[in-house]
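In what comes next, subunit A is part of two complexes: it sits with subunit B in the first one and with subunit C in the second one.
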Partner chain A sequence: MVALTPISRTEPAFYVPVVAAFGAFFGIFIGTGQGNLILGVLGGAALMGLAAFVLTKLIKVEKAGRWALTVLVALGGLALAGIPGLVIGVFFGWFFGFLSFWLYEGRYRAKIPPYLTPGQVFWHFAFRTICGSIFVFLITPILVVMPLSFNAENFFTFTPEMLRFDPAGYSLKHYRDFFTNDAWQSAMMNSLKIAPVATLLSVSFGTLAAIGLSQPHVPFRRLIMAILISPMIVPLIISAAGMYFFYSRIGLQGTYIGVVLAHAALGIPFVIITVTATLVGFDSSLTRAAANMGANPVTTFFRVQMPLILPGVISGGLFAFITSFDEVVVVLFVGSAGQKTLPWQMFIGLREQISPTILAVATILVGISICLLTVVELLRRRSERMRGMSPS
Partner chain B sequence: MSEAPTAQTASSHAAEARIADAAHTGPMLAADGTPLKKSLNRALRVQKMRALALVAPLLIFVLVTFIAPIADMLFRSVENDIVSETLPRTTTMLAEWDAKSTDIPPEPVFEALYKDMFFAAEAKLHTRLGSRLNYELTGTSSLFRKSGRKVEDMGEVYQDQFEVQNDFWKTGENWNSFMASDAWLAAMADWKPADGRQPAFELRDGIASTLPATSAAYVQYADFIQNVDEKNLYKTDPWAVIYSSLHEDLTGENDLAAYSGPASAELSAAATAAATFETVNFTEAFAGIDKDWTTLEVWQTIKVYSPKFTSGYFLNAVDMQKSVDGAEMRPENQQIYGILFWRTMVMSMAITLSCILLGYPVAWILANLPTRQANLLMILVLLPFWTSLLVRTSAWKVMLQQQGVINDTLVWLGIVGTDDRLALINNQTGTIIAMTHILLPFMILPMYSVMQTIQPTYLRAAKSLGATNWTAFWRVYFPQSIPGIGAGSILVFILAIGYYITPAIVGGTSGTFISNRIAYHISQSLNWGLGAALGAILLAAVLLLYYAYDKIVGIDNVKLG
Partner chain C sequence: MNLTKVLMTSTALTLAAGMSHGQEMADEMTIVSWGGAYSNSQIKAYSEPYAANTGVKIINDESSAEAVAKLRAMNEAGNVTWDVVDVTAADSFRLCDEGLAMEIDFDEQLAPGDDGSTPSDDFGDTLINDCFIPQIVFSTTFGYRTDLVGDTPPTEICDIFDTDAYPGKRSLEKRPIGNMEWALLCDGVAKDEIYDVLETAEGQEQALAKLDTIKDDVVWWSAGADTPQLLADGEVIMGSTYNGRLFSVIAEQDQPVEMLWDGQMFDLDGWIIPAGLSDERKARALDYVKFATDTKRLADQSKYIAYGPARASSAPLVDKHAELGIDMAPHMPTDPANSKNVFVFNYEFWADYRDDVDAKFQAWLVK
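Showing the complex of A and B:
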């Protein structure tokens, strides 16, 4: 973004107290960690305030000054708390060096409108900090399981060895367990056997129906739509209970087919939603043009319509796949031991025998989700480009 | 390819039609000569049919694999034919008994109960009925189990006396000779186990009117021997219950005099003898098995649950019970579902509220940042959305434990002491934190798509007209973003009240939802009817919200990713 506001250096009376306030805030943690809160707060404020003044008024060379501060604080951290302290120290040193110059040079104002009052500027940054912490809340659980899955111990928390970055604290044993343990491997195989078939079912039926629903004159459109979307809305436990009762009546309970049918039903709303969304932008004169040039409906569908709505179909399919791949409630009821899927195995692992192999599986699944997310995002952009919209 | 010639003929037809039109001023005609209106209607109908034909396979699929199970569940929540199927004679007899009277039912009811219990015990159905009625009256299960074991000996007095009176009554072959039809006897004579199924038992003509109770019991007995036990009926000796029925027939009113079929001599001899037989008082016999049979409560429960359909499960699901005086509240200490429904509601609201609080700023910043940065931050929202639910739940289990990451960090920072680590898991806090995280993307995404459409110029206009930041936000921006909040809230609330997995793992006992109770009833207590009734209430709540969502947002407008 271009600079909105001309910037100028600020007075020490402004930035030194601000940096000191940050120092006091972080000092709380160091102080409580060392057993003396007051000393931490005061020491943090004094040290960081002083550092800010020294950096900007005495050293003046930004790059060298910041490096020096980083090294200093890092060494301080090392002295206080060993290797973890060093890492945190590097971060603090970098942060305070950045903060001092950012405030001193007035860069913080560069990208916000010039007419804002100081209070509004403060709110601007406070708001960003709030948002930042919410993003941290969103992403932390996912990030935390990754390093923990390399734990050499059977613990669900960071061991002192891990915190010291001692190689002995890390191992691949939980991954090894996942790939060699029969229970996990058969669960994986079951998931891979069930999800693609369920996806295929929901995509083929769903796409046809979505095309039907996008026609201009569909009787009972609202009702049909409500029925087709309902598997997404009805609580899974109710679907699971109903399917358990009904499928045992017709002999599908505990069979592979039963689970596949159940998962296909759960995946259908996602296919319907994504494909109908894609079809909104579909120009129906293209099919008329194809018919006009002599293509029969089947040819028209596969040569004209399908390539254009393919991104929507694929992302609907991915949603259906992940629904089936992730699903645990329905399979718990409709399936039997022979259909134990990966989430089911994880569920057992979490409820009964707590095994950190779950974390290794979780990390692998996060990897898969990242891949799927990337594919869906690319498809969405492609679809929007094809519709002549700029990717948003 | 085939269209081309058709198009040509059509155009020539059209030309003719125009000429025809000019000639007479009737209704406007289409190319093929039919009135245009009709032709258009037909085209519209074809279009509708084609659309329906495309939708039909999926609709049928969903109806069979999804709607039918839901309907089945709703049916199970009122279905109650187990009592009248297992105790058919007793429930019929009980119809005349006044449940509000202070006397236990008369002897004929006990006699009917003896017969029903005898057959149920042979088929091992009495324990099922016992556990069914045990949901309503504790202790019934053991009562039925005990009675089932002992009921077999109860009527043996009659069997012994008949067998003493004449050896004829001892063997099944003799019984069949006058109970079964000639055709069946002939068919059975040739039957060998290798032939497969036995020919189905047929009653002799006229025997049913002569010996009504015996015939009814015999038919039921024959059906069981042939189809469940798969023994050769021809060679099997009858059960004690047949003899007691015969005694009942012979001593009661009958037209034995008019009967002249096989064994009529034996029957009339037995009838004379039966008048002096030692008899069994079934009321006393049942009381001898268990005193509970003489208590009113057992009989009231059986009577109240005799109909094929019952509202009992629903009443149980709302902490009420069915009694002879109609529905009444359960005693205070047995009321659990009201609390559970209330807790589910309150916690879902808490989760929705915290999702609004956390989601609103994020959606705002996503909608107001430049596209490139917003897309980057969007990944942070979408990644949890795409990550397996189990992964996120296990992550929270790892983080929230007593020895988990959050507590460890807090201890390390010295904020809490080692001995008073926060209890973040296995309680309501755990459920609310984990579920807020899990459902947050469902709040952010609808809010974001609404906020994207709000023009930033409105805010600037408000400010240039003198509004403060707060006024501009509260009076201009916020009202426009309400549809997003509404859509997100309903979605999150709907998802939250039906959640099962996360509360089951991080909720402990105080943080569980009604869904956990439903799962418990279906897979552990096996009280399916109650589970189904709880499910039906939950479903009703969700469908109401779904309807509201459809009215406010429109299901077509649900966006994913």
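Showing the complex of A and C:
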């Protein structure tokens, strides 16, 4: 993108406080890590504000100045926290060097329209910073789990070896445990046996229900809809206890079919909601046109309606699958040890023996989820492209 | 449309996979225990040899923590799916009183000791009610980080309360049992008077007041795995948990942790057979329990975990650890060197006062 706005250098009164504010923010973490929050905040603000001033007014050579700052902060990190401190220091040093010159040279204005007021410019960047912070907040717990799953010890602990990046501190033994341990493997197999069948049932019933409920002539549509969606609203533990007593009476408690049916009941609301939403955009004159050309309702459904609402069906199915794959409360009640699923095994593992195998499994599951979502997104784009709905 | 075809095929495949999941075998039994290293020791010492001898397929459930609630629900629903359940002695009292566990005729239905003694002599004091078939003696005791307690490591239970000599966090179980006794003992109450004092409201206040002195330094745990994790992390300098967990931290995981055996709290764990099983299942459950609690099997279990066998005749057979090859006897809570100063869980007292003291303890916790 070309520069829209002519840029000019800014005054120290503007950029020094901004850099100092960022310094204070990062100082929170370093200060807490070293056991003194206030000192961290004040020190971060003072050091980074000073650095910004020195870089821009005294050194002036951008490249050399930024390298010097990176090295300096990295060495500071090394002194405070060893190798991990060094890595974080390199990142911090690079960031503050970039920030100082970015603000000083006025480059931040280059790519935004020239007519924005300073307030709007501020909000432009504040908005992005807030979004980024929320993203970091959501993703950090998952990112912490991943390195811990390569721990060579049997605890949820970053060992000194790991922090020194010593290869001896890392191992794949928890992954090996997952793939060789019978308990984990049978739990994996159970999940793989239960989730697809439950998904299939939810998708079939949910799609049919959604199509039926979208017909204007069906009486009590709202009421029926509310009842069908209730498994999503009623606290899970109540559904689970109810299912337990009901399934015990009719002999389904502790059976494979019982768990599949229970999970299907939990998945149906997701399918109904997504398919109903897709059906809003469905032109019902198409079904009349198909009937006019001699197609029976079943053919019409599979050849005309189904392909058009497929994105809704697939995303509903995905939610149903993930519900079944993640569910622990209902399976604890309705299942018996023979249907122990992955979440159940993880639950037991956390309570009885805090083993990083759980983290290895979590990492694998995150990988699977990412693959699954990517595939669905690619399929969706492909179907849109084939129907000419998207310009690309 | 191709996509539809793909979907249809995968549908057919998943259905086929679902159908091929065969009917469950008739000759199988569900054994419920606590999971982790403890379940492993039972599988190795009892279930694997039993399955090899009889061909019965054993399913391991790990729901002992919810045993009482689940057995009540099963009983109410008229659908008891468990055959043998491992419970703590305290839970066995509740199950036995409510008629949820079967009464056992110990001399008739259990194996005599290897030395010829009758089961009731061999188990001795560990037979505490009519339903409970004792299996192990375990203790709740303290472990400490050798590198975080200075040059003079703690040697007695009251060091827990000494925050001057041992500054840092300690982990205690989030329930009154054990903590109240230790608090009174360290507040100068004589050991044989503790339960008399604890019966009174003033005594309970006194115990809580003593606990108050370290409340800010306590991390509360609720699962047996918590303290090992906290010790390994260095988040606490000492903490209570089951001695078998500490053994695993010290001997198997090689952490800088030592045992503080002084003032350990003895408790029992064992089997119950749920009431209301069909005759066929009842006979099989009894057969399993008879096998699993004979002299040799109980001694075998101690090769895998540091809990003492409940039978007197098993004690001389306690051998080396199956994988580490270290002598297990010095790691047993019942070893004479370790059991100089012990509490024996007072079942009658806690059965009578548990609800009351629990309520006070929880109220104190949130204060």
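The rule we apply is simple: the second predicted complex is superposed on the first by the 290 of 392 C-alpha atoms of A that agree within 3 Å, B and C clash if a C-alpha of one lies under 4 Å from a C-alpha of the other, contacts with A are read in each partner's own complex, and residues count from 1 in each chain.
FYI, a contact is a pair of C-beta atoms (placed from the backbone, for glycine too) under 8 Å apart; a residue touches a chain by one contact, two chains touch by 3 or more.
None of these values were measured; they are calculated from a predicted model.
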First (subunit B), second (subunit C), both or neither touched by A:L208: first
Touched partner set for A:L373, first subunit B, second subunit C, both or neither: first
Partner chain(s) touched by A:F321 [first = subunit B, second = subunit C, both, neither]: neither
Touching partner for A:F92 - first (subunit B), second (subunit C), both, neither: neither
Subunit B versus subunit C as contact partner of A:F22, first or second or both or neither: neither
Subunit B versus subunit C as contact partner of A:I273, first or second or both or neither: first
Subunit B versus subunit C as contact partner of A:F150, first or second or both or neither: neither
First (subunit B), second (subunit C), both or neither touched by A:W184: neither
Touching partner for A:F101 - first (subunit B), second (subunit C), both, neither: neither
Between subunit B and subunit C, more extensive residue contact with subunit A: B
On subunit A, positions contacted by subunit B and by subunit C: 155-157, 244-245, 249, 350-351
Complex contacts: residues of subunit A adjacent to subunit B: 1, 29, 31-35, 120, 123, 127-128, 130-131, 134-135, 137-142, 144-145, 148, 155-158, 201, 205-206, 208-209, 211-213, 215-219, 222, 224-231, 233-247, 249, 261-262, 264-265, 268, 270, 273-274, 276-277, 291-292, 294, 296, 315, 319, 322, 325-326, 328-329, 332-333, 343, 346-347, 350-351, 358-359, 362, 365-366, 369-370, 372-373, 376-377, 380, 392
Subunit C-facing residues of subunit A, complex: 153-157, 193, 196-197, 199-200, 244-245, 248-249, 251, 253-256, 260, 302, 306-307, 310, 336-338, 348-354, 379, 383
List of subunit C residues in touch with subunit A within their complex: 1, 3-4, 11, 14-15, 17-18, 21, 24, 30, 32, 34-38, 59-63, 65, 73-74, 76-79, 81, 223-226, 228-229, 232-233, 253
In the complex, subunit B residues that touch subunit A: 1-4, 44, 47-48, 50-55, 57-59, 61-63, 65-73, 76, 358, 361-362, 365, 370-371, 375, 377, 379-384, 386-399, 401, 403-405, 408, 412-415, 437, 440-441, 452, 469, 494, 497-501, 504-505, 515, 518-519, 522-523, 528, 531-532, 535, 538-539, 542-543, 546, 549-550, 555-556, 558-561
